[in-house]
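Below you'll find the structures, each written out as structure tokens.
Below, subunit A partners subunit B and then partners subunit C, in two separate complexes.
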Partner chain A sequence: MQFLISVIILGCIYAVLAAGFVVIYKSSRILNFAYSDMAMLAAYLAVTLTQLLAGPPIIALSICLVMGFILGVAIYALVIKPMAGEPIFSTIIITVALGIVLNAITALGWGGKMESIPLGWSQYYLLPAGIRMSSTEFIIIIATIVFFIAIFAFYRFAKIGKQMRATAENALLASQRGINIYFVTAFAWGIGFFATAVAAVLIGANYQVSLNLGHVAIKAFAVALVGGMDSVEGIIPAAFIVAATELIASNYINPRLADAIPFIIMIIVLLFRPWGLLGTEEEIERV
Partner chain B sequence: MVIQAFDTPFRKKCVAIGILIVILFPFMASKYLIHIANLFAIASISAMALNLLCGNAGLLSLGHAGFMALGAYSAAIMGTQFGMPFFVVVPLTAIVGAIWGLIAGLPSIRLKGMYLGISTLGIHYVIVYVLSEYQFYIGAGFGIPIADPKIGPFTLSNEKGWYWVLCIMVWMCGIFITNVLRSKPGRAWTAIHNRDIAAEIMGINIGYYKVLAFVLSTSIASMAGCIYAYYTNVASVTEYSFGLTISYLAMIIVGGMGSVLGSIMGAFLITLVPFGLMSIVDMLGITGVIKEYFFSIQWGIFGLIIIVFLLVEPLGLAEIWRRIRAYFMLWPFRYKPLTITKR
Partner chain C sequence: MRKKTMGIVMFLVFFSLIFMGHISILDAADPYVIGYLTDITGDASDNYAPDSEGFRVYMDLVNARGGINGHPVKVIIEDGKSEPARSAAVAKKLIFENNVLAICGLGFSRSQPPVLALAEKEGVAVITGYTGVVGDIYNTKPGSISFATGHNMHPDFHTSAYASARFIQAVKPKGSTVAITGFATPGARFWRDLQEKWLKGMGYEVIYGEDIPTNTVDFSPWVNKIAKISPDIYYGIEGSTQVIPQILALEKMGYTKDIMIPDFTPEGDLIKGMKRLVGSGEWILWGGRWATAYEDIPEMRKIKEAMEKFGYKYPISARHFNGWVIGRIIEEALTRAGWPCSRSKLISEIEKTNLDTRGLTGGPIQFTPTDHHGPSWWRVYRWNAEKKALVPAMNWFKIEPKEIAKKFK
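The block that comes next holds the complex of A and B.
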């Protein structure tokens, strides 16, 4: 049972991480490799903000999330938009380079100290059947549920969410109908980085904020691909599949397998169902 | 028929000066500089291999470091564990690399673009995992030691000896890859890169040529990895991280995609950046945070270089070089004459 809880926690974290990834991919068709480094930067930002601002940590953390959003928009406007029309290779590499720069900024600014993010509520609870759960784990589960409901509602009901779906479907037609594609895509980048910041805060609260945080975040690629790069719904089953297999492998077979398992699953999925569990089939570029 | 390298007096002089510099360099330079030159030579072999795959065939590979690690470990296993001689090990690592290239290339038949990049990234992680398991299994914590290679009666142990061997290797690799690019496979790759459907209609077997590009590139890459392992006398899995792949991608982007000369120039710049920064930091006597996190700064500058090149000059140093050459050839005019009689 305890094992199941840890699977759920890891699955939640992977799901939120992958959500940011998928939102960005869905509307701009760019694999954002700056992702793991952004998560690290956001986690350190959260640490500093909670230390600077007195009062309940929720204020500092919300400021951190908003800053993540603004950073996403700024990165889109400064680096990604000028790359429009370049081959896919260049756009991928530019996000990788961006990640390196963000990583360097984080290492310089915070010096790679180990920190943790206080959520202002730390307690252990003994549930029936001998399960131990910490308050942080409750918060992770609640935050994930809230986040996913919010993002589904956003895509379903908000005007800009609808525009985002339209742009993802067919950018040319959407622009003909008067949708400002650049604004919509910038907004998507903002949401993507916002999601990264959420995930980073959750990771930082549950585990630790260090320069290794990126290693957790990089597995979000695998999750996003297993679920389908352009499907927000696909993330949820994918995240739990990846988390479960990873924990099973690392608990019962070999702890060092933990880093390789998500990618092994990913390769298997890519071989048999390249568009992912719930992705769009025509999505994939094939020969 | 004119040999292209010697077709004008100016070119003759340039080539002569270049060869003279290459020959005289080890006699003038210090051991440290020769060491940097050797690293640059190995990097340029590997960068040429990656450029063949990414620049010419247009297949994104993020598993380059994994393939180099494969070569290094093949060298360690065959050279140290089985005691095979150097000149047997090097071709064998190329064959091992080719087999893995076949495996890595198979997804390229079905996948394209970034999906292919991700699948090669997955292969990188699998290779690195298997190798670290192996390293752990035989109990070599910091890597498997490799003895200096023996070629006949000589032992390659000092930098100067390596310099000559590597010079010949870079030259041979450059000639080989240029020749391949100018013959049928190279044309096929260019066609596939430009528009794959059109290439298929022209009768090019796309799957075959894509896998061929992978096989060739990984075999050269693993050969470079093998040579690097011999040069540093150790095969350690920590060295072949994803970061290494990034720095090779940086080389071909900065140098120029799809150009052999570009790979060499990119390898030169990217190999020199850390050493240059190091000497600047030493010269200015900077201490404190900057010195402490020197590695991160170096990486940050890497990233900035890549971003600037991609935004400002996507075709890289090779394009700048071409423009400079054109400028001097046409000087004092700006444009070519309308009738061109001589190439």
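The block that comes next holds the complex of A and C.
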């Protein structure tokens, strides 16, 4: 049972991480390779804000999430939007460079110091069947559920959410129908960075914040591909499949295999279903 | 004509004076160039970045006092990023472009082989706080360039493995069960294997041993196993970014038996970890070759003052002590070597080191032409929740390299 809890916690973290990746891809068709460095920067920002601001950590963390949204929009406006009309390959390379720059900024600014993010509630609980859970783990599960309900509701009910779906399906048609696709894509980048910040806070609270944080964030890429790059729904099964197989490998086969497992799963899924578990086949043709 | 001759003479005298002045200015300003290769970023940065700060702060102090033999010390700090290839590349730059007299730091065992090979070829002294998986620190042969001030992970005489077994002996009775995990690096692997051998010889049962990849973030696979088998003591040979989350996860799993970690987890990180514990944390033991920043040592106060004067990034720790002491070794060797100093001259002066660390270690640091490690003193501390500090759990004990090597055979 304890193993199951580990799978759920890791799966939740992977799901939120991958959501940021998918939201950005869905709207802008860009594989954002700066993703893991964005997560690291967001985590260190959260650390600084919780240290600077007195009062319950929720205030500092909320500010961090808002800052994440603004940073996402700013990155789109400054780096991605000017590349509109250029080959997509160039834009993807730009995200690689952006990642290196963000990594350097984080290393310079925070010196790679080990930190953690307080959530203001620290307790352990012994549940039936000998299961042990921490308050942070409860928060991770609740935050993931709330996050996904919000994101599904956003795509389904919010006007900008519907516009994002329309832009994702056909940007040209969407723009001809009067949708400001730049605004919509900027908003998607904002949500993408917001999701990254949520995941970074959860990782920083449950594990620690260090320059190693990027190692876990990079697994979001594998989860997103397994679920389907254009499918927010696909993220959830993909995240739990990846988390379960990773932990099976590390618990029962060899822990040194753990890091490779998400990518082995990714290769297997791509070989048999290149568009991912719940992605659209047409999407791959377009890519 | 006379006027013209006088003009030429005046011109020559003027230029000669300027030239001589220039030479003397150059002479006074020419620095001793020392490289410090460490891991400011990368997997091992939490262990080694504070070392470089201790060294830099000491050298800032030396330069503020007027340098050594009238010459400033120029310290070039390079980041090896815990990557062997990168470390080798920056070592090459330090040796060939910057013409350094010595390289200090170089803690990460994985990065040592390529750097030491290059340094040995070029005859550049390397003083590490963590030597070494290669080289002949003990039973040193002529031409050897590597020196060690901290732990030692040489497969033939692994002081850290022996000392950590002795630490366990000091706090746990014979017959106790032990679990050991370590960084998936050559040095930690030697450590784990040899510590296990020593412990078995001392009458302990090692019931779990495993490597942990350096970039691991989720430790539940290891932690769940340790909590399940519940050894009497768990020893983690990892840096703070690995060890602290494990301590927290083990507490969550209900494991609050003794957990021992080496002194390369900086105390600042340990404090941060302690704050996250729900319980008292009195099951945490921390030990190695260095005193802690919790002890009231006059030399530690000096380091603190210097850090405040010259600026610092990391909270004061035993890692700073190591960098500081390496700085003192370099200062003494350069003072003896005079000006100008060659690489070989510096090596022979470092070989005369007999440094009183003024309480930062249990005894002096001594090097000779046939021993680049010397005797070392070790001690383990336990976290005291009331004092909010690490307090000694035993007295310092001495390890003679030859004694250990003999026992290995």
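Going forward, the second predicted complex is superposed on the first by the 285 of 287 C-alpha atoms of A that agree within 3 Å, B and C clash if a C-alpha of one lies under 4 Å from a C-alpha of the other, contacts with A are read in each partner's own complex, and residues count from 1 in each chain.
Everything below uses one rule, namely that a residue touches a chain if its C-beta (ideal position, glycine included) is under 8 Å from a C-beta of that chain, and two chains touch if they have at least 3 such contacts.
Worth saying up front: this structure is predicted, and the values here are computed from it rather than measured.
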First, second, both or neither for A:251, with subunit B first and subunit C second: second
First, second, both or neither for A:55, with subunit B first and subunit C second: neither
Contacts of A:221 with subunit B and subunit C, given as first, second, both or neither: first
Partner chain(s) touched by A:96 [first = subunit B, second = subunit C, both, neither]: first
Partner chain in contact with A:79 - subunit B first, subunit C second, else both or neither: first
Partner chain(s) touched by A:111 [first = subunit B, second = subunit C, both, neither]: both
Which superposed partner A:132 touches (first subunit B, second subunit C, both, neither): second
Partner chain(s) touched by A:266 [first = subunit B, second = subunit C, both, neither]: first
First (subunit B), second (subunit C), both or neither touched by A:123: second
Residues of subunit A at both interfaces, subunit B in one complex, subunit C in the other: 107, 111-112, 256, 259
List of subunit C residues in touch with subunit A within their complex: 40-43, 45-46, 49, 184, 210-213, 215-222, 224-225, 240-241, 244-245, 251-254, 269, 272, 276, 278, 313-314
Subunit B to subunit A touching residues, read off their complex: 54, 58, 60, 107, 109-115, 117-119, 121-123, 125-126, 129, 132-133, 136, 196, 200, 206-207, 246, 249-250, 253, 257, 289, 292-293, 296-297, 299-304, 306-307, 310-311, 314
Subunit A residues touching subunit C - in the complex, by the definition given at the top: 2-3, 6, 9-10, 107, 111-116, 118, 122-124, 126, 132-134, 203, 207-208, 210-213, 215-216, 247, 250-251, 255-256, 258-259
In the complex, subunit A residues that touch subunit B: 31, 79, 82-83, 86-90, 92-94, 96-101, 103-105, 107-108, 111-112, 221-222, 225, 254, 256-257, 259-260, 263-264, 266-267, 270-271, 274, 284-287
